[in-house]
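Each of the next two complexes has chain A plus one more chain, namely chain B in the first and chain C in the second.
Now for the complex of A and B:
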């Protein structure tokens, strides 16, 4: 055991090393753009230099004359692909803006032409020589820009079903002893996964293979098929590894079907590796948000009234919304709650999910306001959370399946040394540094979705698991392999895991932290089916087994007690009794509360995620408490974070090693989000300015000093068979607020707009 | 990036000849059709972005055998232009006698870049103005003279507050140059008609009405060395930035003092991250000489150093920041143990 591989506590799996560790560190792991292709043509994108207007004409002669150029495709000669709905409106797409369809430009960096060439270099040179004559119009860029339209999310975004409210907020707030009203802002941010948005398309007859980093191979397969107007069974998506995604690779972007269309037209594989700056506009992003929080409380800290109003930016045609009030209105006990989320439509590309939607922007507002309330009450911020802790969410009165928030605060506070904090702002210094301690709650809904798996067990104990899951750095290979190994009683090394291929049984999108819970629950269920067959061979007369219904392949499979109980199995004897060498099972698992069409939708690449606050009789979240030490140079006002401590409870931890890594990455991203990350817009042009990794700042090693992750033991039997809450998106939720709360403690200055930069501090 | 001819030269005269071949027109050196390649950390970037479009790239790395020496003979310093940033930063003699030089190099870029980048290329590093580096923005007088300046009223947080003009506010991004200008370094330039020497302060040109002309180098000339007279053990380079490493200065200061019996007999103050060119604050220096150091003096010097600064929408904070950085650097230099 080591720091990287923590000793498992109760209800935690073994910290086995990553299944794909050696492949990754030796460079043997093949990412999409590494897949060998026979004689590919290279595509290079030309993207718009205006955010709104029309293309009058292209001047292509110079570009066409570059040696190696095959063709240049624009709206004038591109195949017209079929319109497909936004993923959140029953379709697949990240945007309904269809590039290369008309002369219209709807956003900055829209794909307006594709150069096809024999080499990447020729394509790039020709792209730089393409001249475009635009007829620009004035774009409406963001909040407050003239020409935007806005309205409530409810009614225009079908995913957004409610503005949660209960009691009489106005009256309670009016009568409250202590009140806070404050506004907060979060910036535009881009995921910037290390792996670019590469796509290769290869046709074999009328079968299409796509190599593309995707968080949802079934979604991409079906989305591209719908755009091309072909049978989804003819499309296969392969990505054995995804080099980071963070939400940006979850829905189908327009580029993929364009590449498929061009490959069909050329009758030759087409390979696209877009540039870093193109990644800012051909995929999604986290749009800027605004919030107003009103809290009314009694002098003892008990909340009596809470209102959260959020506003978000989306594109003109699409009503994309993250809408985090479903979480912020339910986090603390409060009898009178109100909320409203609205969408502002601007001339922008359509935003999308970004780790961790929607809690990151919404909890920044609430957890900052809670800290402001604690200051106003002259109360320790941890005690304020304790006073308002609840096992029952206030909107519908549903019980939390488990909630270890205060245990996380207590463990985290101990590890961090919270008791050393002197409460008054600006009261702690160290030489030239102002020192501040801050904390915040973090949480993320426990979500699950239907998944299918095929598992094969050999007499010699070797196991093959097949499920179209996604290795996005989350440790999917590893935890899926562990789930099978534990269920079937074989060493982890015996399991081969096959994921990242849409020809395998469907798994849901690797998003919303549902992946481990869903895929492991499915794999465990199918392993139980195998155990059941083996037990039946060994004990044909045992009555408990006869009670189990045979529903393999028909849906959720009830499994007999004896097969389910973890009872050891004499595998070789069972195989001999069966008289076979291999047992293979396929099964489809769905969570409680999943809608009736779940399995059909699953096959069609339409995920039916359930959980969080949306369950009928309960509510399930993972929780954590985060602590930040901030240091501010008195002279330069430079802000540094020497220490981050997070304590988390997320049900069954499949693997403390991969879990720690995820949580640590989340804390680091949270710090980055608080201090560094913002995509700057030039409002005159509606364009991104710092669309590269030199100017869109991320932390470097020197910025990340001491990061401590504590995992609490927690057992929850009310969520899914794996008992897993999911934690990929848990850790970076509360960090923004914890950093700002620490900055307040260090300086006495409350920063309500992210990111916090040295010029925002007056000190 | 456009296709180009790669030419490798093994002696200085061949380099000068190869570069001079392409300078028939009157383009400034940055627009010449032949460009020298040393570490490549700026040139290759800008070629990939299609900002620089040389037809010939002349690889001068083989000249390192004669042009990369680090020499501290007779109390003076001579640095070959092809010395790597990392080698100079790691040199114990330079760390002891010229901490401002060692630190300006050490605090620049990342280890990987410092291992590649040369001193000559470093001082000629071009601005990081995003409107300059992204050719999809039409208005950039530096890239396309007469087209305007998108940064004036654009997102200009990183831009200059000193030495600006209505044509250009792009910041000179380097660190090492501030040390050189502070120490009154000399630049040795090798060209067609031999070697000439100029004060480092005369190397860069402020944008004025022609921001496309960045230096006084003639087309085809190469920097071959830098020299500094005397030793400056009481010197510091202080750099304020958004992250702890691998980031350009929001504001930096190179300060060198000569203190005799508690009285400052000589003082040098240069500013980075604030100006369109390497920036020497001579008026500020004049306030120090003959004085004893105290914090009030530091404050007056800092105010004088930024006296002419002009902020714009997103970079106005740099004026106050610059003052604090200068005051802090003075304090560090005055109180350092040597």
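Now for the complex of A and C:
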């Protein structure tokens, strides 16, 4: 065991090396743009230079004259694709702005033309020679811009069902002994996965194959089919590896159906590798948000009143909203709670999911305010969380399925050396460095969605697992393989895992941290079906097996004694009894509370995620505690983070190695979000000005020092058969606030607007 | 003036007007926004005429007939079929395309194939000897120094060069000299551990 592969504690699997490790270190892992194509035409996008207005005309002669140019497609000659609803409104799309449909421009960087050429170089040159005559209008681009429209999320975004509230906030706040009112802001951010938003489309007769990095191959397949107006069974999406996604590849972007349409027209494969800056506007982003938090508390720290008001930017046509009040209103015990979320519509591309979409901005506000309250109460911030810890969420009184928040704080504090902290701001120094310690709660809802799997077991013990899951760096190949190996009692090396292909049984979007819980629950259930067949052959008269069979597909794995994975199986004897060489089973699993149409929706690429705060009789979250040491040079204000410590509890850990890496990456994401990341908007033009990897600040190796991840044992039998809470989005939630709380401790200055830049510090 | 006017009316320098060079006309033609290096029309009369280039990649010589503007990265990926080296930015900002040219690390997206003629190019596909992985590849697996894996080929090529350059003597050194390779999954501490693990074996030869 090493730091990278921690010794498993109770309720943890083995830290086996990644299933796809050799492929990834040898360059053999084929990402979408790596798939070989026969004589492809290269597509190069032309995107709009205005954020609002109309295209009067194109001047294309010069571009068309470039050697190797095949065609240039604009709204004047493009196939008109069908309108499809937004992902979060029950459709598939990342935006309802469909380019190449009319002369209208809805946002900066919208696709307005596509050059097709025999080479990438010719396509690029021609794209630069396309001249566009615009009739521009003045865009309204963000908060405070004249001309935006604003309104409550409830009523315009169907995913946003309620503004949680309970008790009488106004009265309780009015009467509270100690009060905090503070406003916070978070910036626009872009996911910037390392892999570009590549798409290749190949037609064989009337069958379309798409190679594109996707967090949801069934969604993409069905979304493109709907846009093209063809049978979804004619569309196959293949992506064996996704080069990072973080939410940006979950919904169908308009580019894909455009490429499919062009490939059909040319009768030739089309390959698109958009540029990095185009990725800022042809896909989604994390919208800027604003918050006001009001907390009223007793002198002993107990919360008596909490109000969280949030506002988020979206595009003109789409009411995309993350609405993190569903989490912040339920995190701590408080009898009087109020909340309101609004959407501001601006002339922007439509935002979308980005790693921990609701929790990152909303917990930044709440966890900063909790620290402000602790300061005002002269109370240790951990003790403030302890006083308000609860096993029942306050809005509906529903019990948490499990909650190890304070255990995480205690373990984390020990590892971090929290007891060495002197409480007063500016009280710790080391030479020219002002030293600050800060902490915050992190949490993320436990979510699951219906999934199907096919598993084949051979007499010789080899296993093939098929499920259209997604390897986005989450370790999907590995944990799915482990789930099958453990259930069927074979070595991990015996299992071949097939994912990333929409011809395989459907899995949900790899988003909302539901992937491991959903896919592993489905695979485990199907493995149990195989075990039952084999045990039935060995013990044909044992009735308990039939009883177990009834639970298959009903949201639980079978509990029959004989099919229990704890019971050893004489595999070869069972196969001989059955008289076959291969046993194969297909099964569809759905979580408790899944709606009736779940399986039909699953086949149609429409995800029915359940869990978190939306369960009928309980609430399920993973928790953690995060600790940051910040050092600020008193002369230059340089900000360094020498130490990040996170302690997490997320139910069953399938693989401590891959889990630790995700949590570590999450902590660094959180630090990055606090100190580095912001997409700078020029409000005059609605244009992102730092749309490249040099100017959009991301951490590099030299920015990262000690990062410690602690995983606590936790068992939760009330969530899903795998017992998994999901942790891909757990670690980057609390870090923003923990960093700012540490900066307050170091400097006495409260930063309420992210990211923190040294020019904002007044040391 | 008709109602078709440019939105910008403020005085002083305006980038779009400057680009268009057509201030005063009723309908202002704007250069569309398509990123990438702007082609230099003066460089060659017709730069798209294919040229013959011989590249030596992982010990094999390959004769290519390609656009003169083709980068080493696109030559590898689109013409030779070696897709291990990755395109993350095409601007030399991310390091995903890092290869070794004459044993020095090079940003293959900013190196023209023509400029690499006659030189030894090593890519991630050229590291393993049959089934035996290079020590750096093995260390990346053992230290779990990647998640999505997209930056990994570039990280590994940089890491090997980092060791050979003598820049793997301390963790601080490794961090500094591995900072040209962005890992969005943020496997950085594990990358440092992998470089530390592999360095002695690589230096031993």
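Quick note on the criterion: the second predicted complex is superposed on the first by the 748 of 763 C-alpha atoms of A that agree within 3 Å, B and C clash if a C-alpha of one lies under 4 Å from a C-alpha of the other, contacts with A are read in each partner's own complex, and residues count from 1 in each chain.
Keep in mind that, in the parts below, a contact is a pair of C-beta atoms (placed from the backbone, for glycine too) under 8 Å apart; a residue touches a chain by one contact, two chains touch by 3 or more.
In this text the structure is predicted, and so the values were computed from the model without any measurement.
A.B. asks: If you stack the two complexes on chain A, which partner ends up touching A:277: first (chain B), second (chain C), both, or neither?
C.D. replies: both
A.B. asks: Output check: A:293 vs chain B and chain C. Expected answer is one of first, second, both, neither. What do you get?
C.D. replies: Touch status of A:293: no partner.
A.B. asks: Looking at the overlay, does A:702 come into contact with chain B only (first), chain C only (second), both, or neither?
C.D. replies: A:702: touches chain B and chain C.
A.B. asks: Now for A:690: first (chain B), second (chain C), both, or neither, which partner does it touch?
C.D. replies: first
A.B. asks: Taking the superposition on A as described, I'd like to know which of chain B and chain C A:636 touches: first, second, both or neither.
C.D. replies: The first partner, chain B, only.
A.B. asks: So, does A:465 touch the first partner chain B, the second partner chain C, both, or neither?
C.D. replies: Neither partner.
A.B. asks: Applying the document's definition of touch, where does A:208 land relative to chain B and chain C: first, second, both, or neither?
C.D. replies: Once the two structures are laid over each other on A, A:208 reaches no partner at all.
A.B. asks: Mind working out whether A:100 is in touch with chain B, chain C, both or neither, as first, second, both or neither?
C.D. replies: neither
A.B. asks: Let me test your reading of the model: by the given contact rule, A:120 touches which partner, first (chain B), second (chain C), both or neither?
C.D. replies: The answer is second: A:120 touches chain C but not chain B.
A.B. asks: Decide which partner touches more residues of chain A, taking chain B and chain C as the two options.
C.D. replies: With both complexes superposed on chain A, more residues of chain A are touched by C.
A.B. asks: Check chain A for residues that touch chain B in one structure and chain C in the other, and list them.
C.D. replies: 47, 49, 121, 124-125, 128, 277, 692, 694, 699-703
A.B. asks: Would you pull the chain A residues touching chain C in the complex into a rising list?
C.D. replies: Residue positions touching the partner: 2-5, 17-18, 20-31, 33-34, 36, 44-50, 53, 56-57, 59, 66-68, 109, 112-113, 119-122, 124-125, 127-128, 130-138, 192-196, 241-246, 273, 275-278, 471-475, 657-658, 660-662, 664-665, 668-669, 672, 692-694, 698-707.
A.B. asks: Under the definition above, what is the set of chain B residues touching chain A in their complex?
C.D. replies: Residues 1-3, 48, 50, 110, 128, 130-131, 134-138, 150, 153-155, 157-158, 238, 240-247, 250-251, 317, 321, 324-325, 327-328 of chain B touch chain A in their complex.
A.B. asks: Report the residues of chain C in contact with chain A in the complex, numbered from low to high.
C.D. replies: Touching chain A: residues 4, 6-7, 16, 27-36, 38-39, 46-49, 67, 69-70, 74, 77-78, 81-91, 93-94, 96, 123-125, 127-128, 133, 137-138, 140-153, 156, 174-176, 178-193 of chain C.
A.B. asks: Going by the contact rule at the top, pick out the chain A residues touching chain B in the complex.
C.D. replies: Spelled out, the residues of chain A in touch with chain B are 47, 49, 121, 124-125, 128, 277, 633, 635-638, 640, 675-676, 680-682, 684, 687, 689-692, 694-695, 697, 699-703, 757-759.
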